[in-house]
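Each structure below is given as structure tokens.
Below, chain A partners chain B and then partners chain C, in two separate complexes.
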Partner chain A sequence: MLVAVVVNRMAMALLTLAGMAVVVFVLLRVVPGDPIAMMISPGASAADIAALKAHYGLDAPLFTQFWIWIKGVVTGDFGTSITLHVYVTDVLASRLPATIELAILALTVAVLSGGAVAVTGTLVRRTAGEAVIDGLNSVMLAVPDFIWALALVLLFAVAMPVLPLTGRIDPALAEGFATRFYMIESLVTGRFAVAANILKHMALPTLALALPLAAVIARLLKQSLQEAMVQDYVLLARIKGFGELRLVLQEALRNAVGPTLALTGVQFTFLIGGTVIVERIFAYPGIGNLAIDAVINRDFPLIQGLVLLFGLIFILINIGVDLTVAMLNPKLRHG
Partner chain B sequence: MRNVTRRQALAAGGGLLSTLLAPRRFASAAAAGTLNIAYNVNLPSFDPDAGPSSVNPTIQAIYRSVFDQYIGQKPNLAFEPGLLTGWGWNEDKTKVWMDVRQNVVWHDGTPFTPEDVVWTIQREGDPKGGNMVSFVWASIGNLKIDGHRITGDVLNYDPTIFKWMAFLAGYVLPKAYYEKVGPQGFEKAPIGTGPYMVDAYEGNAYLRLKANPKYWGGKPAFETVVFKFVPDATSRVAEIESGSSDVTLEVPYEEFDRLKGKAGLKGVCTPISDIGMIFITNGGVMDDKNVRLAMCHAVDKQAIIKRLLRGYGVAIDTLEAPEYEAYDPSIKVPYDPALAAKLLAASGYSKEKPVKFTIQTTRGYKPKDYEMIQAVVGMWRNVGIDAQIEVYEVAKHFELRMSHKLAPAAYYNWGNAIGDPTCSTGFAMFSKSPHSAWHSDDLDAKIGPVWAEKDEKKRIQGWKDVDRYIAEQGYVLPVLQYAQPIVYKSDLVVTPNVSGALQPASLVAKA
Partner chain C sequence: MKHWPPASSTDRGPKPPSAAVRLLRDPKVVGAGGFIALLIVLAIGAPLLAPKDPLAQSLALATVPPAGFPEAEPGYLFGTDGLGRDVLSRLIFGTRVSLTVAFVAAGLACLIGSLLGLLAGFLRGAVEALISRLVDIWMAFPPVLLSILLVAVLGTGLHSVIAAIVVIDWTRFCRVVRTETMAQAQMDYVVAARAIGFSRPAILFREILPNVAPVLIVLLTLEMGIAVVVEAILSFVGLSVSSDTPTWGGMIAEGRQIVHEAWWVLAAPLTALFATVVAFNQLGDGLARSLDPVLRR
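Presenting the complex of A and B:
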């Protein structure tokens, strides 16, 4: 059953990606901002401009350009970046690990902190403590990630300079990596000092990304927990003498976590989108930061590659979440 | 498989935690030998002679650290020997000669030779090679090597050819190495002859450079230089304020004033070769000379600089900044709102019946660009000009400018780090340049003859005359020369560069 679902979803994903490829390709050439106009020399003649267009393959009819590009994409060749002078696949492969590590850490922090807030809020329900938690949570929900980023910059990089502000690692330590997954590799190879340095660099962007998501998780999970806490099975457990914490963690949480998990998956895609601005503010070398430069410079091949990559990530996350929810829920698992 | 005991795991975890929470130490650059620069832009490519990056003025400081130019340039824009120790034309300017510096080595230890110079010029002059100013390099050819002297023919006389050798895309690259590794290989492991060697690079994060011990100009003061790419201005302010970086630049003027007063920090903010101007596109109401001149006389540039830019900037009346060769202080377009109103009245316009058009501007691309245009529009309104502001992106500006479709007025900036009038008034105003907005035969007739004038004194005077004519006709509205704010730790000495390129090897030193 699950296999059929996966095959079906993968087929839909391919169709979605094909549609995205068409849309992004056409949109880039329709919206204002010609990359050739940004690079022509002051003394360029019409012939020079034509030669430059030919150099970057922008002189052919739109359909021909698309056909050349999509043929390459199918074989894994996304073209060469206009501004970086390297293959788009190489650039994406070198930057994606940084964003993946950041996003996973932010998600982990968000889930743990949001979950902790939800459980605490449930434990102190109908007291003044619940109002305090709800108030703080509302503030967290209302503040977007880039505002958190600026606030964190002022707080932890200027007022109390305990954390590095920019980059992914101290440049003096960025040596000897076999992969681009710096954090994972340094932990696996036991280079804990390096891992700590990376963690320090990731702390502020992680918090900026995690706090809004944590607030969403906290609100939804708390609501689900409170609904679960009045169910018969919780009442039965209470009669058996279970303590409040055990009731929440052992009885209510298991049943309340389903909706939260589904929503967290959706919100995780927003978190990935948020990396664009947050990575920029913290000069973090991931695909988000790269995307801004690509758009500013109208680097068509790079933008096209990035959009497809973001699309693929979103699709994979959604499939992953759907499968996880299905596996956790017997009703869904068995159709 | 290695077994980890609980004790070992706890110890490792404790070590990680203690390292994580350890307070940061802000060693001074002078003592540590490492200079950290919070830089305002990312470095997209290591090829300084091809592609869009090669003509990006904001990354020249990095290129100048790794590579050498044919001809060097002092902070006041004066030229000095670089990899060429001498250069010039013959008497009738039909031939060129260049003397190549001896005893220079590339970063890989191989010797730098005249062949490298000839190969680089030929590569740059090839229209298919990706050089954005290939027309400049293609103006000389038939290059021959005789010892350490290169001679060649002038194929198309360009009086600025040697100045371009100190300008954008004017860097000498290693022939043998480049041919061996190819363009992509060069991007991964670039070498030059410059004062610093590339040690590590992570795009959008940092570039770490190591001092070149064999540099022909002497070993640089700092053993290591790290350019941190921090495009967000708030983050750059935090970098310098927290002590994480030793130098930063292009911070907001308000922050500059605040930071330079802080203990342990210093600041310098001086004019650079970058001007703000309002392009005027011919056609419609802009064909009315009275309207154009009224636009120019109605703008109080000093007030804009004082109130919006905190006094950092220089009002200009031509496209030549004071440091440029063809700057003529006698050309004045004074702020005179009464005259502006009178000129408009002569064309039937008044505050009650204003002339209407659109002005385009970027927002946040240059300091206070949008706010400046708001102020300009307010000043115009007082004399009978009703301009609607349209905000556009830089990319759109270039596309519109190339297709001659800018709005009647459009604000943008213009750099000219070699100070030659061809690169300011020339390319901005000559209709044959794809970057010009005003196209008219009368102006072309004035510019054409001076473009390739062989007598240098006559050429410069010719450009001054062109600038005077443009001012009299109101074909463009020059607004100001920008100033570049630099903040640095007080144990450093920073020499500002009029070109705006803050290359650490020659401009940053230990106090």
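Presenting the complex of A and C:
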């Protein structure tokens, strides 16, 4: 059963990716401005321009260009970035780890803080405390990562200048890494001072990405928890003399977490999308920031590679969520 | 002989208040609606209401702090930016772009998305399969990336920003309206309308559409909040209207550059954006509670 689900989802995913590839490729080619115009100096002759176009294969017919590109993509060759003059796969590989670390940290912070708010709200239900939590949360639900990021910039630039506002690591410390996963590597190799420096740089972008997701998690989980708290098994545990916190954490949470898990998966893709603008605001060197530069510079091969990469990440997350939900749901597991 | 109240009204008890009355009793709706009404007045009356010319530069008056801070200048309530332009006046003129995008982009996205959603939910079959697959492919793109990509393709400017938002966000309406239409199409009143011999367009637009409308209005309100943020993001990246038109996103981008020297240049438009987004959301919440019969119960 699960195997059938996976195969089906994979086939759908390939179809979606192929659709995205066609859409992006065609979309970019109908643009009036072409990337060559961004590269040449004002004095370049028509022959120079033609030579450059030929060099990047931009003089071939549209279908031929597409065929060459797709043949490359299938073999793992995404072409050469027009502005950076390196292989697209190399650029993506060097930038992706920064975004993965940021997204996973933000997801963790969101789940923990959203969960904590939901549990607190359940403990203080039907009191003024719950009304305060609900009121704050309804405002938080409306505020997107873009506004959080800039509010944090404002707060930490002016009121509390204790955290860096840009970058991923102090340049002096960014030496001697074997991988691009700076955070994970410095933790694994025991360089905790370096890890602390990276964490300081990641703190604000992480918060900006985590807070909107935390608000969503807090609302849904609190609702599920409160529904669970009036069930018979919780009543039974209460009669047995369990404390309120233990009731919530041990009895209600286990039964209430399902819907939140499914929603968190979907919302995680929004968080990844949010890295584009949040990385820009904090000059964080991930694929999101790269994407804005690529679009502004009309770097066709890089844009195409980035869009497919984002699409792939989204699809993998969705499949992962479906599988987790299916595995946790006995009806689907055996049905 | 005195008039007795008509018999019909005596034995039914008090009538439930109408939707309009319920809306006016909801503090969320009144507060948020009032704020948005104020923005509309500011946008329309900007040339009369703004104290200064929003484009007038004066290097002698650059980065003047807001009133109440040391070195503040009279007449510049919210201070000036790096080029000596009045922040308050730019804020007031900035409402024009924000609200235009909110109403036009959200309205068009709603129109296109709900039309496709109605068709998919009502006709089912191949039409639904096609539209649903299209929505799936669409939603696989990160929205921020797609909007930047689209504006880069279409060129900068207000029309491109609006087009980008419509092209991206019609799916929000389409998905919800499709589900809602499918649910409504199963109801007894639709079966009855079919039995009487109503034509399919008549059933769709005269019977089903009015019952989907409450959900649509709520979605539309929420979409307006989203559109305002998307425009601000595109202005921030430098892909919205040209820099000689004041926009909140453009002001935010300038403020981000000089946040250490003049925090108010960032704080003022950011607060305006925050308040506007929260207002549209609270209005949507309030409308949902008043209009949606399921939520109301």
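The definition used in the following text is that the second predicted complex is superposed on the first by the 325 of 335 C-alpha atoms of A that agree within 3 Å, B and C clash if a C-alpha of one lies under 4 Å from a C-alpha of the other, contacts with A are read in each partner's own complex, and residues count from 1 in each chain.
Convention: a contact is a pair of C-beta atoms (placed from the backbone, for glycine too) under 8 Å apart; a residue touches a chain by one contact, two chains touch by 3 or more.
This one's a predicted model, so the numbers in the text were calculated from it and none came from an experiment.
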{"item": "Clash or fit, chain B versus chain C on superposed chain A", "value": "clash"}
{"item": "Which superposed partner A:L204 touches (first chain B, second chain C, both, neither)", "value": "neither"}
{"item": "Which of chain B and chain C A:R95 touches, first, second, both or neither", "value": "first"}
{"item": "Touch count on chain A, higher of chain B and chain C", "value": "B"}
{"item": "First (chain B), second (chain C), both or neither touched by A:I281", "value": "both"}
{"item": "Which of chain B and chain C A:V86 touches, first, second, both or neither", "value": "first"}
{"item": "Chain B versus chain C as contact partner of A:A193, first or second or both or neither", "value": "first"}
{"item": "Partner chain in contact with A:A157 - chain B first, chain C second, else both or neither", "value": "both"}
{"item": "Partner chain in contact with A:M20 - chain B first, chain C second, else both or neither", "value": "second"}
{"item": "Contacts of A:V216 with chain B and chain C, given as first, second, both or neither", "value": "neither"}
{"item": "First, second, both or neither for A:F310, with chain B first and chain C second", "value": "second"}
{"item": "Segment of chain B intruding into chain C (one of 129-137, 363-371, 417-425 or 489-497)", "value": "363-371"}
{"item": "Contacts on chain A seen with chain B and repeated with chain C across the two complexes", "value": "32, 150, 153-154, 157-158, 280-281, 292, 296, 298"}
{"item": "Footprint of chain A on chain C - complex, ascending", "value": "136-137, 140-145, 148-150, 152-153, 155, 225, 229, 232-233, 236-239, 252, 256, 259-260, 263, 266-267, 270, 273-274, 277-278, 280-282, 285"}
{"item": "Residues of chain A that touch chain C when the two form their complex", "value": "12, 16-17, 19-20, 23-24, 27-28, 30-32, 138-139, 141-144, 146-147, 150-151, 153-154, 157-158, 269, 272-274, 276-277, 280-281, 288, 291-292, 295-296, 298, 303, 306-307, 310-311, 314-315"}
{"item": "In the complex, chain A residues that touch chain B", "value": "32-45, 48-49, 51, 55, 82-87, 91, 94-95, 150, 153-154, 157-158, 161-168, 171-172, 174-175, 190, 192-193, 195-197, 199-200, 279-286, 289-290, 292-293, 296-298"}
{"item": "Residues on chain B engaged by chain A in the complex (per definition of touch)", "value": "12, 15-17, 19-21, 23-24, 26, 34, 38, 42, 44-45, 47, 50-53, 55, 127-128, 130, 132-136, 183-184, 187-188, 200, 202-206, 208, 226, 228-232, 234-235, 237-239, 241-244, 392-396, 398-403, 423, 426-427, 432-435"}
